[in-house]
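A, B, C, D, E and F are the chain letters, set down in written order, and residue numbers restart from 1 in every chain.
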Amino acid sequence: MDLVTFGETLLRLSPPGQERLERATELEFRAAGAESNVAVNAGRLGADTAWLSKLPDSPLGRKVTATLRAQGTEPDVAWSETGRQGTYYLEQAGEPRGTNVVYDRANAAVTTATPDELATERVDAAEYFYTSGITPALSETLAETTAALLERATASETTTALDVNYRAKLWEPEEAREVLETLFPDVDVLIAAERDARHVLAHEGNAGEIGRGLADEFGFETVIVTLGADGALAVHDEDVYEQPAFEADTYDAVGTGDAFVGGFLARRIEGGDVRDALEWGAATAALKRTMPGDTALVTREEVEGVLAGGGAAINR
Amino acid sequence: MDLVTFGETLLRLSPPGQERLERATELEFRAAGAESNVAVNAGRLGADTAWLSKLPDSPLGRKVTATLRAQGTEPDVAWSETGRQGTYYLEQAGEPRGTNVVYDRANAAVTTATPDELATERVDAAEYFYTSGITPALSETLAETTAALLERATASETTTALDVNYRAKLWEPEEAREVLETLFPDVDVLIAAERDARHVLAHEGNAGEIGRGLADEFGFETVIVTLGADGALAVHDEDVYEQPAFEADTYDAVGTGDAFVGGFLARRIEGGDVRDALEWGAATAALKRTMPGDTALVTREEVEGVLAGGGAAINR
Amino acid sequence: MDLVTFGETLLRLSPPGQERLERATELEFRAAGAESNVAVNAGRLGADTAWLSKLPDSPLGRKVTATLRAQGTEPDVAWSETGRQGTYYLEQAGEPRGTNVVYDRANAAVTTATPDELATERVDAAEYFYTSGITPALSETLAETTAALLERATASETTTALDVNYRAKLWEPEEAREVLETLFPDVDVLIAAERDARHVLAHEGNAGEIGRGLADEFGFETVIVTLGADGALAVHDEDVYEQPAFEADTYDAVGTGDAFVGGFLARRIEGGDVRDALEWGAATAALKRTMPGDTALVTREEVEGVLAGGGAAINR
Amino acid sequence: MDLVTFGETLLRLSPPGQERLERATELEFRAAGAESNVAVNAGRLGADTAWLSKLPDSPLGRKVTATLRAQGTEPDVAWSETGRQGTYYLEQAGEPRGTNVVYDRANAAVTTATPDELATERVDAAEYFYTSGITPALSETLAETTAALLERATASETTTALDVNYRAKLWEPEEAREVLETLFPDVDVLIAAERDARHVLAHEGNAGEIGRGLADEFGFETVIVTLGADGALAVHDEDVYEQPAFEADTYDAVGTGDAFVGGFLARRIEGGDVRDALEWGAATAALKRTMPGDTALVTREEVEGVLAGGGAAINR
Amino acid sequence: MDLVTFGETLLRLSPPGQERLERATELEFRAAGAESNVAVNAGRLGADTAWLSKLPDSPLGRKVTATLRAQGTEPDVAWSETGRQGTYYLEQAGEPRGTNVVYDRANAAVTTATPDELATERVDAAEYFYTSGITPALSETLAETTAALLERATASETTTALDVNYRAKLWEPEEAREVLETLFPDVDVLIAAERDARHVLAHEGNAGEIGRGLADEFGFETVIVTLGADGALAVHDEDVYEQPAFEADTYDAVGTGDAFVGGFLARRIEGGDVRDALEWGAATAALKRTMPGDTALVTREEVEGVLAGGGAAINR
Amino acid sequence: MDLVTFGETLLRLSPPGQERLERATELEFRAAGAESNVAVNAGRLGADTAWLSKLPDSPLGRKVTATLRAQGTEPDVAWSETGRQGTYYLEQAGEPRGTNVVYDRANAAVTTATPDELATERVDAAEYFYTSGITPALSETLAETTAALLERATASETTTALDVNYRAKLWEPEEAREVLETLFPDVDVLIAAERDARHVLAHEGNAGEIGRGLADEFGFETVIVTLGADGALAVHDEDVYEQPAFEADTYDAVGTGDAFVGGFLARRIEGGDVRDALEWGAATAALKRTMPGDTALVTREEVEGVLAGGGAAINR
């Protein structure tokens, strides 16, 4: 297995056509979560991926696994008789309303997941292990389980990657920093939005300084600072690599960051260097924005097409 | 106010076209609950109705109140910063699959509702107060609040009605019986499906015997035993009234019982006798079955049309 | 041209899934009218057909002509700067609710149509001319125009057919009878539902007696009495022909009568005798019931298949 | 009651996805009208609002009241056995096609509404009364009723507001000016699009000069000149206040003006000064543009968020 | 692997709501084929299943694999640069129209599939191998490949099952018989609809006689004769087992036969005897009829529920 | 007949909402092809048009003719018992994904169309005959038939127009050039995208030089070079006319070129000069971009409105 991820996948309920939830009479029904998104995105580009989690043994839990399998990632889950299936309601909107997320994820089955319930042997055997800062925010148990899996990965020489992915609706910045810093010793690749690096991890300066500062403070092998429309920057082996974003007509922005990580890791896994992987991350992220749902349902050829400069507006 | 009801209203998420949840990509989005259904149904037929509850202050809670207001019932709710909006997933299906409900209602805001948060003065001033056996099943707090509201209604000479509405996914029969029996002294009108009367309330014999037995044991003014396709039977002032069901092409069976109760109460409120009210209940229930959603969005003219024997298959 | 028809075609707005208009958030959008239905239905079976009318010069009027052309009938209309496009709202429902029609057709452009605006030369040249009792009900002008077209057809030796099609929402039985009887001298083929024959045309007895009575009283060449689920009966040249209905799983019953007439006329036009044409009418009507919309979008092969006794439930 | 409005609410039928009416097979089904839009919009921001009108007693009229109640405004209507439910067909389109409205509102029930049919006591008791220049354009009766209600409001010291809202498909500029000028003596707050101020009210100069000129000529307490993408300007107590528009990603532009008025009045009602109210109007208008339908289904928090400068593109 | 199947999976395009293809403006989009249906159906009940085939390397081919993976079967396919993705258009309809299939499957990639392109080692290792009479009908190459795979399975002591599945739109009965009879020596379990047994395989008598006749003639270990609404009958080890069909409210009948086979094989694989497996087949088939699509997306609990006699119409 | 066109019309299957085909569960279903698009577009603006082709005698072929008739063009087709209905799958997307077309058109019935099967007498009698470079790319037979029809048109003094319309998924540039150059002697009006003129026809220089070069080399009466967002340029009688594109909010870009040609030819047919016709082409193309589907379902008034400079964003 090239990449194993661990985290929560939610059912996503969203009104079509930028309608408000209050007035909607039907909802689009998808499944999505940072860690399964990354597994799917990397899997699309050639990596052999699996996602570990715990789900309720119900049609809702099965909706999650069916969705992930359809997209090419192998779900390896503990089926639970207790605990809910987490959901989130998504109201897509342009400015100045902005897209709004209403989480309904408390007491999800996954919040009680312990290492002994999970297929941890997959972590040992994987080349990469990935999780996000959302996972330890969900429960104390999950914070402990996340720590245990990262430790185990480190012990097995599995490279670990963690995206800070700060969610203001889940916890406070201080609490997030405290918990995340306990995990950092077992993290090889850190991904952080510039905003999170400033407000949660309390690093300052320009993006390069932030990246170097994080790398120095915690000894990460690679630090990626994502800059939204300005692209991303990586610090690796003391070098700084800058990657502008590709222009994209945004249809659905949710999951852009996970697409970046998925593209980056997929390229690293197949041997690309950091500069190369940043390009793949940026191209995958741009493609993601053109489609609905949280995942970048793309092909290698499409990513390569973006890197080659694109082509006709209509390909026929 | 003619009728005040109290209970939980859920968001109802159901795949169109008898699709399975696992495979569905969109869901119909409605709001429904036994007590608000009864308020809506009675309101459609002329009663002035309100529904008391507690809801999260979120787009989801507002979806509930918008839906009820649209259907003509006044929601009077405590808005809460804590607690979820309960939901249920509904897979409609014919035999032998049968319609399946997946509840996701634990920790709903309403489960912490106490009398002092609710507009209890509306209960005092109402002619009828209605709740169902679902409400006390949801939490200990709600069991207490239900008891308090029924007591208060009794003290104010508001007639009280309670539908046993046993839900096997919420509690065991014994637990249900124990709690319900503590409420019965403050109940004037009891509605119970024959099956619930047998398995939950432990009454035996034919439907008439069950009805009489319940009336005798607990001193109800009126007992209605519903018999599904066989209609219903009422015991009132020692007399037994039988009411066959009207034949109906069923489009959506959910809410049929609430339509019966809504029609029955609406007619009682405007002075109809028990026999008359049973007919209105049965006609409203039959109309309900022809439409999607949990409520009978009908007119008095339509109910009267059913009672008058129906007319042309196409009315033009 | 084998068949020319004249009348009003409405836009049909109907909630999907047996939803109520009050609660619907989307409507199916079609175009339909008795006379254009008959033209379409006959056209599908091989007749060369046209439909005469008057429409507002607007996207709504063009929706009507686009729909008819798509279904193979040539609309030949007077485009008007004044007058509305008539519509009807259709709530489909099973028993006991029944399907309900809400007409919104007052002041339609067609209500002012006079013979000089219409392509009356097509009536002269046609083998058959058809209209229904709805047309003269719509306005005094239309009653006069209907009379004029029937006269003109008679003068040109075009066979004329008229379906009584009584609409209780448009006029009273007495008024209908009075107007229709002025038209009957120019009608060769009369079609009447048994109910209309009784309540509007005031004929009594069994269906055969009604048919004979009408033929005798007004000298029709052919009288067809339609009997709903019991089929139809024709009186022609003193003979009575009975035709049972073919069993059908009804998806949408609206337009069944027009399908019968379309099938009947199509077969007569190509030389079928009355018995033969009755069978074609009944088969077309049965096929109509299996599909949405007011028209029988069928093929000759499908009609022949019904007459041959049907085949596999799944044809593959 | 803080705000009472009077006018016509139409059913809105629009093809999804910028399809043409001619080719559409389904239509979105909403209810909307300038005066009920304003009541809904102000109601969302905290005002207690009602809408007066006359509607046909039919599923179509009930669709209107259900929609308004769902959005939080109380409809107080005269139910009529005669007269239609007005509708409008809306083809949304970008440039150069532009959005096109096809009105089908002639002979609506409301066109015969007289003061004695309406709940005019609500006008007396309200803080604000609002109507638009569309209402008197619909019939002579409505012009008289509008005048009578404005007079009554003035007599009761209810502040009156009128939006010119010129509709070229309803009347000519000269006719509009003549009628509107008879109403102006009873109007306290005039809202006019700059274009209407020029072409209908025949005022010239820049927007400030137009506003001052109108205030001077008719003695309005407040004149608001709306400037489309350039925002709005108010003249009040001799002072001129300018308000730029907030940038918005437009999903549906219809109802932007009503959102401005609703936001403005809501803020005035709760004691905001003109400058403050202009900001609320502009923010509500910008939010409106991000959602489908004619109303701004927003919260106070969202308006305050716009005024505070907005936040993350995805709020999670 | 418990069960490996081989055959073609098509994209299924069907108008919603029993609309005709000619008039449809949208189509439901699924993937389905007899052999993958059987793999999915058996997989749902606990078997470990894979499906072998050849697909075009395109979004259409990927739609097929995504669909199968979502439903729990592993597709192991040869990706092809040439050859189409087969499709079929499905018009669902009640009687007398009947459901109609329009195949568009000529020149599909799979028609050129040879054993060396396929993961034939999976056939060797499987407990059961299944294909249908559709596969050899598609091309000469496929007839040869089917023969080769059956031979290989026999050589590996993999039990082989073949469903005659005669398709009149693909070949003539005589041609079918000739080809199928060459395959029969390597078939252990034959499934044949009674009609196909008569018209294609030319066996006569009652169902039991047909079953025995086939078993005798070709030496099958098990022969199942399916009887539509009358259930099925198995001849096994000289014994005849009869199994009535479970009553079902049919939502979509397509795939019923494959559900029967899937249920039968799943039970045989886990050690059930023939009688037991027939019951599982019948229950799975009945459940299939209640849902859209070609596969029975069911659980073991649901099948067991049918066998236990069903329960409440609404399970809550 | 003013304009006769000849070519293939495909069924167009596209996921709604920029979804990927792999994940789509429903598809929009339309019919479109360059030559029928041009006929429809010109027909909308007043020309009397017909489209010649060959179609399978199936619901799919009838979907094509129904669609064209609905849009006002007369299909005159050879109905075939053999050959498929061609389709194409369309994934709409913004940059950098771009819109992608998956053709499934091999072995379409039309690929075997010979002149004797077609209503070639319509070509003789028409004012204009139009086809595109797609048609000869589809089969050798069609290349011959295209040549024969162009010759016949020339012999009948029917003006001929051909749009190069190079499709990289159908043939190589060299092959295209070779075939097209054999057709050019019978072409009066050539339309070529600048890119095709360079890469396929191997002309160089700026657009004007390309246009002049083509006119000189092949003796075309008119050469139009289309320049995408930069508009178009015509060389006619030695003069060069430049036409900028009108700005358009693009909803669906497919068919823009055909809209240009349709507008151009319609104006030429009614006597407009080349400059005038270029304006009509550009305006029709801009309008096309605002709506879904391949055709410009517009009115003359709308085209004239664009030429007059547009108007209000909302026309009411």
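The rule is simple: a residue touches a chain if its C-beta (ideal position, glycine included) is under 8 Å from a C-beta of that chain, and two chains touch if they have at least 3 such contacts.
Please read all numbers here as calculations on a predicted model, not as lab measurements.
Two copies of one chain, chain B and chain E, touch each other, and the residues they use overlap weakly: the shared fraction of interface numbers falls below half. Which listed pair repeats A-D comes down to matching contact pairs by residue number; over half match for B-E among B-E, C-F or A-E. Once the centre of each chain is set as its mean CA position, chain A and chain F turn out to be 45 Å apart. In chain B, the residues that reach two or more other chains under the touch definition are 16, 20, 22-23, 25, 66, 70-71, 100. Residues 16, 70-71, 246-251, 283, 286-287, 290-293, 297-298, 302, 305-306, 310-316 of chain E are the ones touching chain B in the complex. Those residues of chain F that touch chain C in the complex are listed here as 66-67, 69-72.
For chain E in complex with chain F, the residues that touch the partner chain are 13, 15-16, 20-30, 58-60, 62-63, 66, 84-85, 87, 89, 91, 100, 102, 104, 106-107. On the side of chain C, the complex with chain B involves touching residues 17-20, 22-23, 88, 93-101, 103, 167-169, 253-254.
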